[in-house]
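Report on the following structure.
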Amino acid sequence: MAGDTYGRLFTVTTFGESHGPAMGCVVDGCPPGLALQEGDIQRDLDRRRPGRSRFVTQRQEPDQVKILSGVFEGQTTGTAIGLLVENVDQRSGDYSKIKDSFRPGHADYTYQQKYGIRDYRGGGRASARETVMRVAAGAIARKYLALHLGVKIRGYLGEIGPFKLQALDLEHVDDNPFFCADPEKLPQLAMFMDELRAAGDSIGARINLIASGVPVGLGEPVFDKLEGEIAKGLMSINAVKGVEFGDGFECVRQRGSEHRDEMTPDGFKKNSSGGTLGGISSGQDILVSIALKPTSSIQVPGKTVDSQGRATEIVTTGRHDPCVGLRATPIAEAMLALTLMDHYLRHRAQNADVRSAVPVLGATHHP
Amino acid sequence: MAGDTYGRLFTVTTFGESHGPAMGCVVDGCPPGLALQEGDIQRDLDRRRPGRSRFVTQRQEPDQVKILSGVFEGQTTGTAIGLLVENVDQRSGDYSKIKDSFRPGHADYTYQQKYGIRDYRGGGRASARETVMRVAAGAIARKYLALHLGVKIRGYLGEIGPFKLQALDLEHVDDNPFFCADPEKLPQLAMFMDELRAAGDSIGARINLIASGVPVGLGEPVFDKLEGEIAKGLMSINAVKGVEFGDGFECVRQRGSEHRDEMTPDGFKKNSSGGTLGGISSGQDILVSIALKPTSSIQVPGKTVDSQGRATEIVTTGRHDPCVGLRATPIAEAMLALTLMDHYLRHRAQNADVRSAVPVLGATHHP
Amino acid sequence: MAGDTYGRLFTVTTFGESHGPAMGCVVDGCPPGLALQEGDIQRDLDRRRPGRSRFVTQRQEPDQVKILSGVFEGQTTGTAIGLLVENVDQRSGDYSKIKDSFRPGHADYTYQQKYGIRDYRGGGRASARETVMRVAAGAIARKYLALHLGVKIRGYLGEIGPFKLQALDLEHVDDNPFFCADPEKLPQLAMFMDELRAAGDSIGARINLIASGVPVGLGEPVFDKLEGEIAKGLMSINAVKGVEFGDGFECVRQRGSEHRDEMTPDGFKKNSSGGTLGGISSGQDILVSIALKPTSSIQVPGKTVDSQGRATEIVTTGRHDPCVGLRATPIAEAMLALTLMDHYLRHRAQNADVRSAVPVLGATHHP
Amino acid sequence: MAGDTYGRLFTVTTFGESHGPAMGCVVDGCPPGLALQEGDIQRDLDRRRPGRSRFVTQRQEPDQVKILSGVFEGQTTGTAIGLLVENVDQRSGDYSKIKDSFRPGHADYTYQQKYGIRDYRGGGRASARETVMRVAAGAIARKYLALHLGVKIRGYLGEIGPFKLQALDLEHVDDNPFFCADPEKLPQLAMFMDELRAAGDSIGARINLIASGVPVGLGEPVFDKLEGEIAKGLMSINAVKGVEFGDGFECVRQRGSEHRDEMTPDGFKKNSSGGTLGGISSGQDILVSIALKPTSSIQVPGKTVDSQGRATEIVTTGRHDPCVGLRATPIAEAMLALTLMDHYLRHRAQNADVRSAVPVLGATHHP
């Protein structure tokens, strides 16, 4: 497979380019009998939708999803679910500049060398527009996980440029354009982003994710440890350059006596591990963070080469997000949902017979 | 699959427990005609071998590999390669304590709940002893990559507790027990580790990896981006809690004009991206770092619960590494080799016909 | 995966139900640079299209395919190809009878028990309407195989009820509604089918396939032998109950001295094996036949049970093919093309370096 | 993957050549808590073992299996099961003839062209010796299926040369060297085989398989229909050239009113379909037959070419089965067990929540 399918049992296979007629996907392996309608998916698509504030790209896409199969009389049937979202604002611009030279930080050069041909309009397949179908598919996983297991997946902006943001108010993350859970910082963020936009530059960000209610036992020993699988899913989102669980890179400086999460009959005493032990979920909250690089599409001129290998300079015009991190929260939540769903099915495939005699420990919820 | 297979085309499937009779694996998909003998594999196994210095576990394992199939008259035949390493020092100790209670930070509790049964001797399948076969399989990938593509994969200790270590002397990394490329720091490291061992405690570490000579074009768009695939491989190594590429988490604070790697006819001007663009290798060095948590097996008593869920305390006796990071370098190199090899085969499967008209840019080598 | 994806490297993932809004698929892993337009696909869809003669179902579907992604300026880009065919004649009938009882020979009962829910309209996902996307995807594989390797895949009706049909005129198979290569038998076949339709009954059939120009070396030892992979693909077509290669079941009665295909410098002396040796293509024509059971949707009343398990009787009304075999030729060709394409990519992934010193034998072409 | 792995969730990955030191495999995904010891596996290995009668190869292999991992205190732990069987009678003969020329009907030529190199000793990886690990792995699947679901898998010789054999006495199939359930025919078979051996020739055979107790619901719609998956598994056994289910190729001549299996509250009225509907098990017995070609290793001289492409003649000496079909019964049973086990896990992964309101029909057992 050329990488357009995610998952082993609960799978999503996507297609679509930034400036093509439509984005679509096939979700396969969904358990039957799940109540599902377009509104369930639309809710998450709307959270990711471009054009919702002045801080993100102004491309206007309604991102209306159509369910083409796999649902009958309001319930999933267990067969493949086809989803489609039409592109309506793929403005046919002047591509002569990016056609013949490679934008630094973009996939232009690598696609050209890998395939010998590329759809240069808006980045083609490499555009973050592709993530619309991740969110659509993730919404299905999310609904199943919430209804059947009580899993709740939440994300928020953890850091952006010079700002470190706290998780003070997770319930209102969706009420501001930054997915910020630190309400007092909102005016500063708005000012920072306005200045950045004026400078034609962009900024990196960190997104933090929390999955609570994840049952103990998800993940596989050896190569398919839960962290590795989640890391792969999150790292496959455009612009992600780092992933860490629990204390993450901090653990480089920790002693074993400090890092390990002791257990008591009332549960784990803390959650430095980020919710896994030996690659398998422990029943604690899954805590994972990602680093997103600053958008490469900026108005600051940059040096590059053209198709003949000659030196040139490029300025990216058009509509772009000055911080890809701003819209990444629902996308990251979706990838986490897809991964947990897939591992839930993998786990029960092998272990549906298991009845452990050992009592299940309570989780330490975060934050 | 229950997670004991790695890769899509160049695959390794492993088995074996810490205190079982042997560790083994099947390497499938290796191109035929590669000169291969046990010595090629033994070299890397020896670098990972326990008992080589006073700073690592004193378990004595010769780790002699046997090639059981797939090689004929000194060359790979293209069929499955079976490898076996016998366990010889699996000291049958007193397991009554860990049989009935769960060591904090270990997989004891999660395996028990997932499977309802666990091989508690030395951690069973969750033991880092499992990584011996990763190194064996990785040695094959590494040899092919070096011979056919000129790829060179090197790792070194980047950080351990309070010490940040530089990459001053990569050629002599194997000459010291820390895989350290910063020779002046060696006495301090030795003293630090001795103190740590005396305290019965452990410490975390960071390993940095560099793959040079990687051709442009490896990795797949969307879900199987090269970073995601590498991240999964590295995160599947015991104790790894974080992965970052290039500038990694630093990019959270960077501007786009600062982060993007400009291109000139002489090559990329720097390598903040860590060697990929849009999830596909750019021809630059792949730069990736991992964070390893401190070993959970320490002599400091810790609170835990027993099989009936009652409070108890545990001290881990036996032979253990005070820093899993110390032996992780060859393991991490192996996982990187396996991932690159797999993606090289995936790339040529689809794109063997491609002849790009665009000149290939030179790489910026690091450090 | 729940079975809606076919292939390892050249993959097709389909969705869609008989009476839903559309059928669709994602073709992943197609090599870039292949000239492709909707007409290339439409040609094969038209050969499979219902309503073309009085001998097949009268459902009127134009089966117009739309390429939604993966093609840019008339060439494949190497990224996922999304294809869509709208359903236009899904006549909303009275389903009360099949809603509450299970048609013998159909998937009604097994879907109900597997999923606890089923889309009973026209068979839902179990309808042969699903095969439209196999043909669409197969057309792409076919084009690549023809252009790059000179592979030619042809099928024809080999047997139907009492008639054994010869391969006299393969070039004109598409000129008659039976995919028959035995022109003299056409009037008899027409008469036979008219009588059958009048009786409200149906009939089985055998389709023979020939792939010529297949290079030596496709297929993998052990579990993924070429015959096994082709057999799986063909057996996944609705109504197929048997597959045989070369002399097939005849070999039960043959001696080794009779069956084996001797070799001479001019090529193989005959082709009893059907084009493979040890599960790997030999360069000879691939010869494979399938048996299709008679359509289960007939006007003859049949005993069955209802949703409460009570005895009842059912007559299938609506529009149906009296012989599924009549439209199966392009579908079977498509599955063979998909399988060969996938194995071509698999083969070159591992063996692109191989230069065998042994001369390639000429093929014995059939018929 | 290069084809040495079978299954999606319950997987077996094998290695080993005819004249190498050992055969081995890794069984992954086995549910934990299954009582398992070497004797459970040995039983089936002994049924397949060479040298048991004068009618099969005289190679003497004890085929003693060792369990190297995945079993603890007599129970599976859910982790990878490593199995090993040493080769002890790989007699180092004179291979100069087969080294330089290609035996007709064998994989010699295709392996050479695919890989550019081959282990010519005893056929290397293409030898039927490989099937020893299929039987070993299959024994584990079989035990689980029997214990947890009551599935019983039996095979017998259905046809050999001119003899059609009935299923009169399935309980005593193992008591004769032919796996024959038609005791009266035994003297004739013995005489026939003795004559054949004297002539230095070989003969084809048909094996029939019956799996009873298979629950309704196994198999996936579209590409992974149960018949297709079983067909692939069986066709991957050396020498198999045809597979058919239920009435098989007979259905080409049947009418729909004759073929379809009507249902009554007491169960299906017959089993023409062979136990599936729409690719999903119906709860009826799975009935499947395979055709095995006559052994290609015969004493009758045959025309072939040598490594330079020049005409030559070859006679296969050494120890060979005059009918591969004679030892194929336990191998075919194993492949059927592996496929059913894998699909049982796949089914429950997706559908563990399903509670169908429709009563389950009784099966019609065969014969």
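Lettered A, B, C and D in written order, each chain numbered from 1.
In the analysis below, a residue touches a chain if its C-beta (ideal position, glycine included) is under 8 Å from a C-beta of that chain, and two chains touch if they have at least 3 such contacts.
This is a predicted model, so every value here is computed, not measured.
**Q** Name the chain pair with more contacting C-beta pairs, choosing from A-D and B-D.
**A** B-D
**Q** Select the chain at the greatest separation from chain C, using centres from the mean of Cα atoms.
**A** B
**Q** Measuring centre to centre with CA averages, how many angstrom lie between chain C and chain D?
**A** Chain centres of chain C and chain D, defined by C-alpha means, are spaced 26 Å apart.
**Q** Could you grab the centroid distance between chain A and chain D? Build each centroid from C-alpha atoms only and quote it in angstrom.
**A** Whole-Å distance between the two chain centres: 45.
**Q** State, to the nearest whole Å, the distance from the C-alpha centre of chain B to the C-alpha centre of chain D.
**A** Centre-to-centre distance between chain B and chain D: 38 Å.
**Q** Using the touch rule from the top of the page, what residues of chain C touch 2 or more other chains?
**A** 1-5, 8-9, 14, 29-30, 32-33, 78-80, 114-116, 125, 221-222, 346, 350-351, 354
**Q** Can you name the residues of chain A that touch chain C in the complex?
**A** Listed in rising order, the residues of chain A that touch chain C are 1-5, 8-9, 11, 13-17, 20-22, 24-26, 28-30, 32-33, 66, 68-70, 72, 75, 77-82, 84, 114-119, 124-125.
**Q** Chain A touches which residues of chain B in the complex?
**A** Residue list for chain B touching chain A: 1-6, 8, 14, 102, 104-116, 125-126, 130, 159-162, 196, 201-206, 216-217, 219-225, 227-229, 231-236, 238, 240-265, 269, 272-274, 276-283, 291-298, 300, 302-305, 307-311, 346-347, 350-351, 354-361.
**Q** Can you list the residues on chain B that touch chain C in the complex?
**A** 8-9, 29-33, 78-80, 148, 221-222, 345-346, 348-354
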